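Each chain carries a letter (A, B, C and D) given by its place in the written order, and its residues are counted from 1.
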Amino acid sequence: MPPQAHTANAGLDTHDMTRLQGEALAIRRLVLKTLNKSQAGHPGGSLSAVEILTSLYFQVMRIDPAQPNWPERDRFVLSKGHASPVYYATLARRGYFPETELATHDTLNSRLQGHPDMRKTPGVDMSSGSLGQGLSVCVGLALGAKMAGHAYRVYCMLGDGECQEGQVWEAAMSAPKFGLDNLTAIVDWNRLQLMGTVDEIMPTHSLPGLWREMGWEVLEVDGHDLMALVKVLQAPHSAGKPLALLAHTVKGKGVSFMENRVEWHAKPVSGEDLKQALDELSQEGAQ
Amino acid sequence: MADRVSMRAAYGQALQAYGALNPKVVVLDADVSASTQSSHFGKAFPERFFDVGVAEAGMVDLAVGLALGGKIPFVNTFAFLLTLRAAEQIRTCVAYARTNVKLVGAYGGLSDSFDGPTHHAICDIAVMRSMPNLTVVVAADAVEVARLVPIVAEHDGPVYLRVSRADVPNVFGDNYTPQLGKGTVLRDGGDVTLVATGVMVERTMRAADRLLAQGTRARVLALHTIKPLDRELLLAAAADTKAVVTVEEHSVIGGLGSAVAELLSAEAPVPVQRVGLADCFAETGPYDALLDRYGMSVDDITAAAHRAIALRR
Amino acid sequence: MSQVDLSSGCGPTIACREAFGQALLELGREVPNLLVLDADLGSSTRASVFASEFPERFIQVGIAEQNMVGMAAGLALAGWIPVTSTLACFASKRALDQVRASVAQPNLNVKITGGYSGILAGKTGITHQSIEDLAIFRAMPQMTVLAPSDGIETRAAIRAAVEYRGPVYIRLTRDPMPTVMPPDYVFHIGKAVPMRSGSDVALLSTGWMLLPTLEAATILSGEGVQATVLHLPSLKPFDAEAVVEVARHTGAVVTVEDHSILGGLGAAVAEILSERMPTWMRRVGICDCYAESAPNEDLLTKYGLTPANIAAQARELLASRTASRA
Amino acid sequence: MVYHSDELVAALAERAAQLRRTAIEMIYCAQSGHPGGSLSAADLLTALLFHKMRLDPANPGWPERDRLILSKGHAAPLLYAALAQRGFFPIEELKTLRQLDSRLQGHPDRLKTPGVDMTAGALGHGLAIGAGLALSARLDNQTFRTYVVLGDGELQAGVIWEGALFAAKYHLDNITVIVDLNGVQLDGPVRDIMPIEPIVDKWRSFGWYVIEIHGHNMRQIIDALDEADDIHGQPTVIIAHTTKGKGVSFMENQCTWHGRAPSPEQCQQAICELAVSPDAADAAGPAGGGQ
């Protein structure tokens, strides 16, 4: 029997917190190193999602890295597929494949494609990268699980810019119809997209309101607060309703010169950038 | 090798330059204007530039409305998103309704190489070519794309223009003037015809050099307009050389290769070997390495030429 | 494969969409993890037949084709075999990137059906006709593309698609058609179906154009021209060997499809023959234009999808080939 | 707000009834078409084409004209009936609906039919197209207004919400969207197929000004259209509660009449029922037909 998730609803003790913080820091460092090595990829939206993925993969989700295809595992779909560096770093830290493999990201013959590929990477539940599609897939997955009597939960992470895609609202409208209380959509609400702030590009007005009017239970959380994330992800939710967790995050989180800077959506990380970023992170880690 | 010039930068600058001349031009982008380089226009003419966010289907319909109002909208995003996500908008509201919308697919072919197969555009030409009323154009280099922008803008009707992300050597000189529906003979030769489009034109010229060294004189045709095809040029080349190779950065199904095969099968059946992506999704990696890996190397072109010649009756 | 026995003539007329509904129903009884997703067109496509017996396995998503295809991908991930049902125009265009990115690329076991294909969309007109779907899906890696002819072949094709593991697009016809295939017909993905043998010209059909093509062969036969008829319900994978063989045998090929002459069957045949055995060809289909709203017979006549036009194209092909040899 | 006489309201209501009859006859004649959604939209289209919109039938391409995009293009029979009676083309031509070489295609075609501003039929496109037209008008300082008529089932299509975000972002106050909320789509009630409620709150969340009316009450319709003119800095949507198949007893609220032609007897009965003057009680009554 694969290991179960850490006891649901139990608060995190100091030991857990230290462990999760350590993982988040390690993942952040790996993200930066991977991006520096590949000289491609998306730093900003990877760093904003570190704590969300850490809390899911190291505390909340029922998974077994030794059996990536364990049928009863919880599922995760990275709809904002361009954040693949943080996804891969998380999976590597969790033991799905060796950390050394991260260096192959974006090279020919690598199992780590520019965007997640379920046919190549152990632990990736669904291919993604063309924005706007992940939530529909998760609605199908959650519905399929319910119909088959499976108890697993489905998590979908979207970007906030991605919520401009009409398909997201098609999917959002459909999940309540099917009573998918086994579905959690997490919006990495970092308020920036490739070309500027979401408010400049195409305001989504009241994001909580939009999700609520589509029929979802809506909660907001600080997306960098591991304790809060774990708590809200593990809390029981309204029966019969899907949960939209709007996670307030900072794009480029953890690296001073990347935080809230639009240009770090997809800028290569130079050797100098890497050094400075790792310096900052080790100071943080030492505190 | 010749210096490499950014095709997308050339496109962006040309659009800005033309925008200064023609106030009817408006530009739309779906949150990737720094990538497509429509941002040049956006900075120069903010009142005529609309970033609609991550919403490609809606963007095309919005452009249709602008065209109905007499504007000449240039719609920009990645080629795969434009031609697939908005395929039905393009088919119904642009092609069928024949609205004067210019669709510009950036990052054509495998040129967004590091973003991987989700971001490759390998069937966009097939999709666009299948739609009546659409003119389908693929730019080969910075010179050609810059010259095409005003021509596309002034053509009365919907156009799909594919642009590459890559920095590519210029094939065309400063005095080059493209014409929609017309190809160019880049090199004359009587042994085999190499028909190339897009960034593959440059590789095809290299293949022609290699063939010449082997004693085979290849005629090289550069064809930016996939639809309507330059029938005269192709039929003459087929009649003269009796062996044809098509070269494109696209699936071998449905694109230039199919267009040429369709034409020649009906008018002058000669061997046609298709060089392109062999009906598969590619992977992530350096651009040139990907082209080589997936069947679009200079060697692939010369091998195809030899196959075509061997089949010649 | 042996030639189909046509000695008993045409069978009863079966509405192809009814056959689709029946096929879903039969398979629903046999395959417990088969699901049908519908985008508010079930009563038109006849996916509704499945809904009446298996309401718990019928998923109504409303007018939201993109979401439907994405959901189908998710259901496939969860171990179901989803069949999506909408019109061909929407399956191949509104949800195209979803089919590509969420189904074809991850190679998920989703069956995409496209009803009302070609120009026979029941007078609704161009917005609901689909003359591009074969070209579009043929260009997409990892897709299997099927276009059955009559009610019997439709049922067989749906069965074959469900038994096959991987993404499939099945092009469906709306209207009643006399059946051509024998009742025990079995569909083989990737195989051509020889229908008739003759040495003067080869007529290659796909979809419901099989019947008019056979009728054209009869017309030609009356004039002393013996036509081979090869039916190609599997556009991808494509039976290149069979096509090359009939081209070698006859030296003249006419393709026939209720689809644009660009990118579909005509292109598939032109690609193969140009590559392996250059042969004189004619392509009968919609000549790269949009049709219109009208009764079927009027449309077919105006746009050339008739036995008479197929025969005429074959005649002209033979004449022009002779002229070019002279 | 402008005062509208009872006489005007009654005349428009009678015109709507006449258009309903014509649309049914056309569908009967073609033996094909969509009666349910044509009848539900009759009052809305009448108010637009015979009262509200600035048009010149002699000059269909007049640049200053108001624009109409019938996004729910399957209601084409009613649109054609209205355009013919408004003088855009001969009434006799209505008989050619859905026939070969006709200018009256199964769904509206801007290249074929005088007075049709945009091709439509595949659901979901109209709102974003309308937003583009409205944006274009503003760029050119043109004063025309763009009207978009949507079906309620159509609101399930995601591209509608993309268009809704655009119009709100660009503060397009020269567009009025009308939702023909008849509560029934092809395969059944909207609430069973894919619920779209709470519809008013949804539009508000997307940044729109919302007016809710009874879509068969002519006075409410024309008042709402006027009210929309006075909203500044924000696009307006009119949620019109209607009845699918309105006016024909056996068609009302029946999804089976979404896209089906009547038999001779049914046609006759429908025409008889529609010949009765519009019900005064109904014209004044509360929202009833929608969800």
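Note that a contact is a pair of C-beta atoms (placed from the backbone, for glycine too) under 8 Å apart; a residue touches a chain by one contact, two chains touch by 3 or more.
The model shown is predicted, which means the values in this text are computed figures rather than measured ones.
**Q** What chain is the most remote from subunit C, judged by the mean position of CA atoms in each chain?
**A** So the farthest one, by centre of C-alpha atoms, is A.
**Q** Tally the contacting C-beta pairs at the B-C interface and at the A-B interface, and name the larger one.
**A** If we tally the C-beta pairs in contact for B-C and A-B, the bigger total goes to B-C.
**Q** What is the distance, in whole Å, between the centres of subunit B and subunit C, each centre taken as the mean of its C-alpha atoms?
**A** Here subunit B and subunit C have centroids separated by 30 Å.
**Q** Centroid of subunit A to centroid of subunit B, CA atoms only: how many Å?
**A** 36
**Q** Hey, how far is the Cα centre of subunit A from the one of subunit C, in Å?
**A** Centres of subunit A and subunit C (C-alpha means) sit 42 Å apart.
**Q** Approximately how many whole Å separate the CA-defined centres of subunit A and subunit D?
**A** 44
**Q** Any chance you could list the residues of subunit D touching two or more other chains?
**A** 109, 119, 121-122, 156-159, 162, 165-166, 169, 194
**Q** Counting only residues that touch at least two other chains, what does the list for subunit B look like?
**A** In subunit B, 52-53, 55, 57-58, 80-81, 85, 88, 92, 96, 117-118 touch at least two other chains.
**Q** What parts of subunit C, by residue number, touch at least two of the other chains?
**A** 61-62, 64, 66-67, 89-90, 94, 97, 100-101, 105, 126-127, in rising order.
**Q** So how do the chains connect up here, line, ring, star, complete, or something else (other)?
**A** Contact map by chain: complete.
**Q** Spell out the residues on subunit C that touch subunit A in their complex, using ranges where they run on.
**A** Contacts found on subunit C: 33, 35, 56-57, 59, 61-62, 64, 66-80, 82, 97-98, 100-102, 105-107.
**Q** Give the list of subunit D residues in touch with subunit B in this complex.
**A** 63, 67, 109-111, 117-119, 121-122, 125, 127-137, 139-140, 142, 146, 158-159, 162-163, 165-166, 169-170
**Q** If we count contacts the way the header does, which residues on subunit C are in touch with subunit B in the complex?
**A** Listed in rising order, the residues of subunit C that touch subunit B are 89-90, 92-94, 96-97, 100-101, 104-105, 126-127, 131-132, 135-136, 138-142, 253, 260-263, 266-271, 273-276, 278-283, 288-290.
**Q** Touching residues of subunit B toward subunit C in the complex: what are they?
**A** Going by the criterion above, the answer is residues 80-81, 84-85, 87-88, 90-92, 96, 117-118, 122-123, 126-127, 129-133, 227, 244, 251-255, 257-262, 264-266, 269-274, 279-281, 311, 313.
**Q** In the complex formed with subunit D, which residues of subunit C make contact?
**A** Contact set of subunit C toward subunit D: 38, 40-44, 48, 60-64, 66-67, 89-90, 94, 121-128, 292-295, 298-299, 302.
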